[in-house]
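Chain nomenclature is as follows: A, B and C, assigned in order of appearance, with residue numbering initiated at 1 for each chain independently.
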C-alpha cells in the first residue's frame, strides 16, 4: 500500500530565530569562573607529576618522608661507607685481623673527640704499624681516599662511623661537618705520603 | 502513483524522485545495520550466559567472554549504529536539501567496505587479535578499511548536502553534516596515533578515551539529535522553534563533547580528570539548549499522521532518555559520585542505555518512517508492535537494574545486576530478531508485489504499475 | 551578532586558550579579541558549509591539542626511574616484561581479560602518621614538644604527659603534610627519634590490591596498558604479589574451585587433557579430570606473576619509606609482629 506522505519540513525564512536569553550567557560566565577555580583546585597545575588527590607539585614533594639533615648525612655516609670502606673494614666495621684490616668499632682513632685523626687518615691513607684497641696491625697500608671523596663525603662517612649505634654504645658522637674536614685538609694539603701512626699523633696532638 | 490527481503528482514527484534515488543505498545500509543488531543481541546474550553458567562452552577459545563481549560491542556500535545512522542521514540530508541522493553508488560501495571492515574486525576479535583498547578493539589493520568505507559514504552525503536547493541549512543538516565529517577524522586520528605512531604507555589509553568520548558524545549524539531535529518537527507538523538554541547547542556540544571522558581514578595526571569534569558541565549546557529547542518545537503536539505515531512517540521516548542520561552523566562527572560509580557495572549499563535507548531508538523509529516510503510497503503492524515492545523492554531491562545495582554496590559486590541484564538481553534478542525478520519480510513482499525488482535490476522496461 | 554576545564568546575563546590549551596569556588575549571581532563584525552564518567546516576543523585541533597532544608531551617521554624495595635495595622501575611474560601479555590481550578485570589501583587520600621515641634524658623535653605541637596546630590541648619512655608511641595520626612537618621539627628539636610514615588510604589499598595508586610510570612497558573499566573480577595490577602460580592456574581452569561465588567463566581452552596417571608439577586435578596447561596458559600465568606494580615508591606517588635513620629503629607495629608483643618487647 502506498504510504501516506507526511508533512516534511517546511522551514520558511521566517522561522523563529530565538536564542538563549542573555541571562544564560551570564550563567556561562559564572560557570567559567567556577571552572577556572575547579581547575585550579583539582587540576594539579597541569603538571605531569601531580596525580589526584594532590593539589600541586609542592604538595607531592612534601609527602616524602622528611629526613633531618642529620639523618640525610648519616644515610649518605652509609652509602659512601658501603662503596669505599666496607671492602676492607667490613660492613659491620669489625675489619679482618688476619688480613690486617683494623676494626673501626670501638677504635680510639675513630672515637676521638676531635675528628682530625680520622679525617687525616681518610684523606691521605695510612702506613706502618698502628695499634687499635690493644692490637697492632701492620700487614697492609691503607690507600688514600681523599682523591675520590669530597669534603662533604668524608664528613658524612665519618659521621656515619662515629654515630652508628649498631656498632656500639660509644658510637654516639656528634656529626662531623664539612667545614671541619676542609680545615684539616687544608692543613695537610702539602703532604703526599700516607701517614704513620706517630706522625698523626704529632700532627694532631689531641687527647686520646 | 496511479489514480492520484495531477497536482499531487507534481508535488509528490520530487519526493518520489528523492526516495527512488535513496532506495538502494539506504535500504542496503539499513539492512546491514539490522543484521548487525541481530548479531549484537545474540552475542550479548551469549556473553551474559557465560557469566551465569561458567562451564558452558568453556572449551572454545572463540567463545571466551573476553572475546565475545568486545566483539558484540563492535557489532553494536560500528555495525548497527553507524550504518543505520548513515542510512538515515542520507535520507534526511537529501529530503531536507530537496535533492536526490548524489552518487548513491558511493554509498553502496562504501557500505560494502564498512561491512567488510566490521566483519573482519569482529572475526579478528574472536580469533584473538583484539587491540586491547576499549572502544577500539578491532585489530588495528581494519581501521583504514573502515576509514575509507566511511569516507566514501561521506563523500556521497557531503555532495548531497552541497546540492541542496536552499542555501540555509536547518539544525538537522548541521548536526548530520558535522557528524559525517567528525567520525572519519576521529577514527583516522586514533588509528594514526595508536597504530601508526605507536603511542607509548598510557598515551594509547588517553587516545582511546578521546576516541570513545568523541564517538559517543559528539558523533552518536549528533546523529541522534540531527534525526530528532528533523523528525520531531516534520512528524508533528510544527516548525522548528528556537533556532538560536540549536545553534548554541551545536557549538557547545561540539567544543566540549570532544574533550574529556577520563575517569577520576585513571592513572594519568590530575588535570585530565579535572578537565573532563569541567567539559562535562559545559556540555550539559548544550544538552539543555537542544532539549529546550526540541521541547518548544513539539510543545505537546502529537503526530500529524496516525501511521507516524509509533515512530514519533519512540523518538520522544528517546529524547527523554537522552536528557535523563545527560543529567545523570553530569552528576557522575564529578569525582565524588564518579568514584562511587567507577569500575562498577553502572558504566557499561549507561553506555548501553545511551547507545540503544537514545541513538538506537531514534534511528529505529526513523527507520519505521523511512522504510515504507522507500519500499512502498509498510512493516507488518503487529510484528512492529511486538518488536518495539521487546526492544524497549529488553533495553530497559538490560540497563536500568544493572546501573542501579552497580551504584548500590559501589564496588563492594562485584558484578551485581547481572541476572537482570541477562533477562533484558533475552528480550533484546527477541526484539532484534523480529525486527530483522520484519525488515526482510517487508523487502521480500515488496519485491514480490511491485515492480521494484525491475528498477533494482535496472531493466529498461517498466512494467505497468499493479493496482 | 550583537556586541554583548560576541564579547562573551570572545571571553570564552580567551579562557579556553589560556586554561585548556595553556597558551601564553597575551596570545590568549589576542585569540579572545579575534574571536570577539569575528563574531561581532563578520556575519558568521551557520548556513555555509565553509563556516561549518572551518569551525569543525578548529574544534578538532583544539580537542586534539588540549587533550591528546598535551598529554603526549607530558607522558610520552617517560623513562626508567630509580626506586627502592622494602629492604632498601635500589632498582630501576618499571621492570620490563621478560621472557614468556611478553607473550603472556598478548594472550591476556587476545582473551580480553580486561573486559572484567582492571589493572589500575586507586586511592582516596594521603595522610601522614607521626610516631616518636623518647629516652629517659629527653623525656620531659619531648612531652613539652608534643604539647607545643598540639597548641600550635589547634589540636586537643592535652599535654604530652603520659608519653612512655623507651617505647615508640603514636603522636598523631592522619596529619597533613604541613602539620607532620611541624611535629617532626618539634620532636627532633627535643631530641626524640621521629618516624613519619606516609599512609595511602582507600578501598583498593585496604583490600591489599596495592600500596599506592597506579600512575603512568607503572605502564611504561605495557603494550598497550590494559587498564580495564569494569571490576567484575578483582584488580590485577599487583596480582603477581598476591597469588602463586598454582592458584592462578587453578583460577584459569575452574575459578569456582578457588572462589565459590566467582562469576569468571572457565577457561578450559587454555588447558589440555592429561593422562589419568600423568605426574608432574603442572598437572591439575579438577574433579575427575586431569589437565595440564598449554603453552598459552603458562605464558599467561607468567605474565600475571610479573604484574607487581603499585608497590614501589615513586616521586609522584610515594609510599612508606623504610626507616633508615641514625636513630634506633622503631619496633614493628603490634599487628605485624606477634612475637614482639608476646615477648613484651618495649622497643629498642
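Note that in this section contacts are C-beta pairs under 8 Å (C-beta built on N, C-alpha and C of every residue); 3 or more make two chains touch, one makes a residue touch a chain.
Not measured: the values here are computed from a predicted model.
Chain-to-chain contact here is organised exhaustively, every possible pair of chains being in touch. Every chain gets a centre from its CA atoms, and the centre nearest the mean of all protein CA atoms is that of C. The interface with the largest number of contacting C-beta pairs joins chains B-C. In this assembly, the C-alpha centroid of chain A lies 59 Å from the C-alpha centroid of chain B.
If you average the CA atoms of chain B and of chain C, the two centres end up 36 Å from each other. For the pair chain A and chain C, the distance between C-alpha centroids works out to 24 Å.
Contacts with at least two other chains are made by residues 168, 247, 264-265, 267-269, 275 of chain B.
Among the residues of chain C, those in touch with two or more other chains are 74-75, 124, 213, 215-216.
Multi-chain contact residues of chain A (touching two or more other chains) are listed as 28, 35, 39, 46, 48-51, 53-54.
Chain contact summary for the complex, chain C toward chain A: residues 4-5, 8, 11-12, 15, 19, 22, 70, 74-75, 123-126, 128, 177-178, 180-181, 184, 188, 196-198, 213, 215-216, 315-318, 321, 324-328. Residues 16, 20, 46-49, 52-53, 55-56, 59-60, 62-64, 66-68, 71-72, 74-76, 78, 109-116, 118, 120, 122, 124, 203, 213-216, 218-234, 254-256, 262-270 of chain C are the ones that touch chain B when the two sit in their complex. For chain A in complex with chain C, the residues that touch the partner chain are 22, 25, 28-29, 32, 35-36, 39, 46, 48-51, 53-54, 59-68, 70-71, 74-75, 78, 160, 163-165.
The part of chain A that touches chain B in the complex is made up of residues 1-13, 15-20, 24, 28, 31, 34-35, 38-39, 42-54.
On chain B, the positions that touch chain C within their shared complex are 50-51, 54-56, 58-61, 64-67, 69-70, 125, 128-134, 137, 158, 161-162, 167-169, 174, 177-178, 181-182, 185-186, 189, 193-194, 199-208, 210, 214, 247, 250-251, 254-255, 258-260, 263-269, 272, 275, 339, 342-345, 347-348, 410-411, 414-415, 418.
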